[in-house]
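Quick notes on the structure that follows.
Chains: A, B, C, D, E and F, in written order; residue numbering restarts at 1 for each.
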Amino acid sequence: MSLWNSSLLFRLSAWLSVAITAAILLVLVTESWIFFKQVSLKDFLFDTQWTPLFADKHFGIWPLLAGTFLTSLIAMLVALPLGLLAAVYLSEFATQKTRRLLKPMLELLAGIPTVVYGYFALVFVTPLLQRLVPELAGFNALSPGLMMGIMIIPWVCSLSEDALYAVPVHLREAAYALGARKVSTIFRVVIPAAYSGIRSATMLSISRAMGETMIVTLAAGQQPNLTLDPRIPIETMTAYIVQVSMGDTPRGTLEYQSIFVVGATLFAITFVLNWLMHPRRKCS
Amino acid sequence: MSKLHTDREYENELNDLRSRLAMMAYEVQKMIQYAVLSLQKSDTKLAEEVILKDHEVNRHEVEMDDLCLVILARRQPLGADLRFVTIALKMVTDLERIGDLAVSIANRTLKLQKMPAIQIPGNILEMTHGVELMLQLAIESFLDADAVKAESVLEKDDRIDELYHQLFRTLLKEMARNESLIEPLVHIQSVAKWLERIGDHCTNLAELVVFMVRGENIRHMNHAKT
Amino acid sequence: MSKLHTDREYENELNDLRSRLAMMAYEVQKMIQYAVLSLQKSDTKLAEEVILKDHEVNRHEVEMDDLCLVILARRQPLGADLRFVTIALKMVTDLERIGDLAVSIANRTLKLQKMPAIQIPGNILEMTHGVELMLQLAIESFLDADAVKAESVLEKDDRIDELYHQLFRTLLKEMARNESLIEPLVHIQSVAKWLERIGDHCTNLAELVVFMVRGENIRHMNHAKT
Amino acid sequence: MKVERIFRGICLAAIILPLGLLLVLLCQLLFQGFERLTWNFLTDFPSRKAELAGIYPALVGSVVLISLSTALAIPIGIAAAIYLEEYATKNFFSHLIELNVANLAGVPSVIYGLLGLEIFVRIMNFGHSLLAGALTMALLMLPVMITAAREAFKTVPMHYREACYALGSSQFQAIRQVVVPMALPGILTGSILAISRAIGEAAPLVVVGAATYMAFVPDALDSEFTALPIQIFNWVSRPQKGFLIDAAAGIIVLVGTLFVLNLVAIFLRNRFERR
Amino acid sequence: MIKFEVKKLSAWYRDIKVLDGISMPILEQQVTAIIGPSGCGKSTFIRCLNRMHELSEGARLEGHVLLESQNIYAPKVDPVLLRRRVGMVFQKPNPFPHLSILDNVLSGLRLTRRPKNLEIAESALRKAALWEEVKDRLHKPGVSLSGGQQQRLCIARTLAVDPEVILMDEPCSALDPIATARIEDLIHELRKNYTIVIVTHSMQQAARVSNKTAFFLGGLLVEFSDTSQLFTSPKDTRTEDYITGKFG
Amino acid sequence: MIKFEVKKLSAWYRDIKVLDGISMPILEQQVTAIIGPSGCGKSTFIRCLNRMHELSEGARLEGHVLLESQNIYAPKVDPVLLRRRVGMVFQKPNPFPHLSILDNVLSGLRLTRRPKNLEIAESALRKAALWEEVKDRLHKPGVSLSGGQQQRLCIARTLAVDPEVILMDEPCSALDPIATARIEDLIHELRKNYTIVIVTHSMQQAARVSNKTAFFLGGLLVEFSDTSQLFTSPKDTRTEDYITGKFG
């Protein structure tokens, strides 16, 4: 009782999260340190090939970055517009009844594991796309990118809808009372008022797309190509980590260290995105 | 109007004001009665009693004014309540004046003591009864919020005026007949004048009651005073 | 008190009430002056003018009462404003009574017309000037919210009472001397009585002003009326 | 007026399109996997022959794994949320923790895998065990849990706490008897969502070293383990068509479980939603 | 001059009738106050005057509302254009949080894509008695003002679209006495150029600001008279009971 | 009888001084009203009386508050126990939404683990003039009541822990005139057994319910006198200006 009352346990629990971050940083930094003892930073940043599993080892990060970037870009091109428009529909046009029906459905979709989306991408979407895009390889960036987009729509939609719906009714009424039409009210009042929420939703989605693993592992190929062509196989950072982990590589090998370096790079990028997502609180 | 105020303290305050007004009216009525009786019976002790009583009525007036002011400040009355409180403010003035007039009459008793005794004319007594009744009716109409009763007071005032003018004539004649009686008769004339004024004040009261009940002002509609 | 009300319409309403009271007082003052002048000069036309003027004063009274009621209902005044409005309610009663008394005086002018001419005693004129001044001061003290000036009114009333009692004695003697003059002299006595009453009403006004300014009630403190 | 109708149409399309697409995909999946969905599929061990393979060890692994990590993450998550929302005074440190939790929630799950691999598998020497997997999952769930619980506490308006204090209760009594009960629906919903996310996660487990082929059921904390998403991943990765059908069937089981869980969460939220 | 003529107006939310056959005129350049207990339909009534009622779910209505002899519920009337003639101010001051003071004032023109300039803003702010207080910080956010200033900003915003009628739904109930007094004083000013309808919880406020007062009870119009009459000598005993505080 | 004796009380939020040397007594079994413009420190003042002030961040305070001659800020005083003697009712009715009417009334005892029973609840509800209205639905949720009833429920909840003093922070400002009248009537009843301190925006309300009124301005106590005196003849011109509506 007195232990609880002193709030010590509560405090320890909260500090645990800091410990986790510290641990992540520590692990990534120390393992990368070992890696960079053997591979120069120059090679890492300026080499254009990533072939740690071949005999001729190259450790240029760019192919993995490009792969990650490409799939995320495709995903965002799909998810952002559709997700936002869907959010606008739910919060501004749908009746209460429709809203109460559709919103949970979207949330159900958000709960589907990514392996499942990977399965869809590989088994259904790629064959379908191959009919439309003749030169599409069996493994490619387009199909997982699109699937990732579909996967992220519910996130974008749900988060932005929360933000839109949270805009108080009285602001909309104020606009109507000034003689505004519905569309201008949406674009000039509701969306601007929900702007910070929508921005957070966007950042979160990008960060999810970049960190997404299973879809790309299954459907994008695991071939690190430095390309922006969505038709040919590529490999993302996440997929590389999984690929190496699958083969039981012992600690100390360069392959083993390399996944931590890739992890560190990924962590750094998502960290920046997260930082952008949470604007300094003091302003508001 | 049978409904009570949701705020019972407010209800109590208004009732307090109402019953104090009734009490004041009752005291003033007694003052008139005793003042005239003292005159009739040359009873100086009774007259002095009336004069003392006036202090009480004066105190009442000040207290009631304060009470009305506090009610106005605290309750911000509206509608009938507002009319009631403002009317109360005005009624106490009239009642206090009636008290003063009774004192004036009682003072005449004391003055007449040192003069040749004269018969109090019947008209004085009739006027006294008349104004007592008017006061009674005015207060009753106030307590019952009865505009019809209040209007009956207005009619009665004409008779008082008539009695006064009759008496004035008679008194003038008597003065001419017996000049040693001039001073006491002038005093009697004053008493009559005051009774007539008491009648006027009762008329005022009644008019206020009509306003309170109906919300319409009937003052100066068809009465030209004095 | 130099600060204005944030709600300027309220400010205007209070100013309206204030200036109407001043106007009413001014009219009443003129009525007294003319009534005595008509008596002095046996000028029936002037007397009739006074009588007509009274309707205006009566209308004023009713209107002012309504205005006060509306201000009370709409503004729920507090503090000095509340005292001002309730005082206004009471002041109009006094002013209206003064008007009535002036009418009574004017009526005597008409009655005396048909009687043996008599000299208007100097005391009447002095009393008239006295009460006119008192009224003037009372209203000024009201407009300036000047309690000291108001208190100066209270002192003046004693002189009026004194003049009245002097006159009363004189008149009685004269009546005894010349019985054909009894009736006109009784009328003159009434006029004096009314002037004395006007003085009393002015005292009332002044007392009300003191209350308005200081928030303390001084009525019936050391004055026993009539 | 016309503009409004067109815009409304576009918005509606934006919601119908992805929903419809997924519906089609799910139907195809159901169609593909339905034939393998027998009782034996649930109780059999994996096999080299696609027609004989089952998901028993994966199912058991998932259940044990999730139970363990839930048991760790949820109390700690709620406790941390209570600290942040109720006890912490606004200063540099509490701000640091807040930012940190928010950032952790956005860290990709593979990174947790790397963390688990280094800390639990290597340094603590738990090996590729159930315990290492469960601990890793718990770490992954923790920020999600903290965020959800914090949101739930935030919905309890300040004035209820003040009401408690004014009635003479201590802070702990107020939290225990008013704040937590009022936030409970939110916490519950948040927990279920965190759990269902964990159920579907494959990447960190792969990195921590979950087995892709298990012929036995994990019987101790230090035994090897696998989980349903790993099993599915494994089957999908295989070239033989038959295993795709197994994967489809596995997905039906996984997604079915998640739907049920989510429906419960949605039901809970709708039931307690105040507005 | 009659501005609005309301005829047998009834209104429903789903199947609950909240206004029952209201008929009353609203005079031009006058302040008409609507008073009555909570839930008596005051807000619904004024929302029928600029067709905001129909924005609520399940809202329905019968009867006529004539604005300068033209039925605002006639099929050819565009509610959006109507609302530019009949502005509205709400209970809670609600300046747009993402806009500066200046942009808030001009927001009505922005929203309706009409030309806007600083003169319009200044004149609206002057009319709303706010110019002096904000002229040096027009580019600060609108929500940085105090509650009373925000409400005057909302009034300025309404004035900027140049309406003929201003509806106010309890515009002071979130404000303190000082801010309230300022708004009331402003209403007296505005009355000279606009027709104003104000809903208020406070009978005292209705008494202070309005020329005409309507007392609603359970969706019925119980009494509609001159304000000074209604508060000093109401005709209906239900009104009398309400204004004297006899709520049973 | 003096219940509270406040001596040179100053209060800060971080480095902003919001109360400046307040000294005043609060008499037993009387209603003391605190009035003043927004932000003058009214709420802060009463929150100092039951040590709720110190719960705010950056809150600090100097001076003494004696409750029956004992300094409530003495180190040995447990604020939790103090608050059982000095109850508080808030601006927005806030019954606990997860509890029934009955449990709401008893929530103070539940929270502090003290014995509770139906009699206590009934007596508290009776004192709060709510029993007749809720006795048939004690197990319905507290939030199913109307706003005014909810506020009386909150008062009942406070009464159930048997306090000596009840602090009320604008208890009627979220209520309509009818609900307000009921609460005010209740305050008159409660005055007989409790010491009440009420903060209110409405001078009229202060005038109606209180025996003593304190007028605050910018953290200073400008005037403290009998209510009827303060509202009919205040001593300080700042008070006069405030109550007559001269806000500059």
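Quick note on the criterion: a contact is a pair of C-beta atoms (placed from the backbone, for glycine too) under 8 Å apart; a residue touches a chain by one contact, two chains touch by 3 or more.
All figures in this text were calculated on a predicted structure; none of them were measured in a lab.
Graph distance from chain E to chain F, where chains that touch are one step apart, equals 1. If you compare C-E with C-F, the chain pair joined by more contacting C-beta pairs is C-F.
Using mean Cα coordinates as chain centres, the one most removed from chain B is A. Here the CA centre of chain A is 49 Å from the CA centre of chain E. Separating the centre of chain B from that of chain E, both taken as means of CA atoms, is a distance of 51 Å.
Within chain B, the positions touching two or more other chains are listed as 5-7, 10, 69, 73, 76, 78, 82-83. Shown for chain D are the residues in touch with two or more other chains, namely 170. Touching of two or more other chains is recorded for residues 178, 181-182, 203-204, 207, 231-232, 245, 247 of chain F. Under the contact rule stated at the top, the pairs of chains that touch are A-D, A-E, B-C, B-E, B-F, C-E, C-F, D-F, E-F. By the touch criterion stated above, chain E contacts chain B in their complex at residues 203-204, 207, 231-234, 237, 239-241, 243-248. In the complex of the two chains, the chain A residues touching chain D come out as 4-5, 7, 9-18, 20-21, 23-24, 27-28, 31, 81-86, 88-90, 92-93, 100, 102, 104-109, 111-116, 118-120, 122-124, 150, 153-154, 157, 181-183, 186, 204, 207-208, 210-214, 217-218, 238, 241-242, 245-246, 248, 251, 259-260, 263, 266-267, 270-271, 273-275, 277-278, 281.
Put simply, chain D touches chain A in their complex at residues 3-4, 7-8, 10-15, 17-19, 21-22, 25, 28-29, 76-77, 79-80, 82-84, 86-88, 95-97, 99-104, 106-111, 113-115, 117-119, 122, 139, 142-143, 146, 170, 172, 193, 196-197, 199-203, 206-207, 209, 212, 229, 232-233, 236-237, 244, 247-248, 251, 254-255, 258-259, 261-263, 266, 270. Across the complex, chain C is touched by residues 54-55, 58-59, 61-62, 65-66, 68-69, 72-73, 76, 78, 82-83, 86, 89-90, 93, 100, 103-104, 107, 172, 175-176, 179-180, 182-183, 186, 189-190, 193, 217, 219-220, 224-226 of chain B. Chain B contributes residues 1, 3-7, 10, 76-83, 214-216 to its touches with chain E in the complex.
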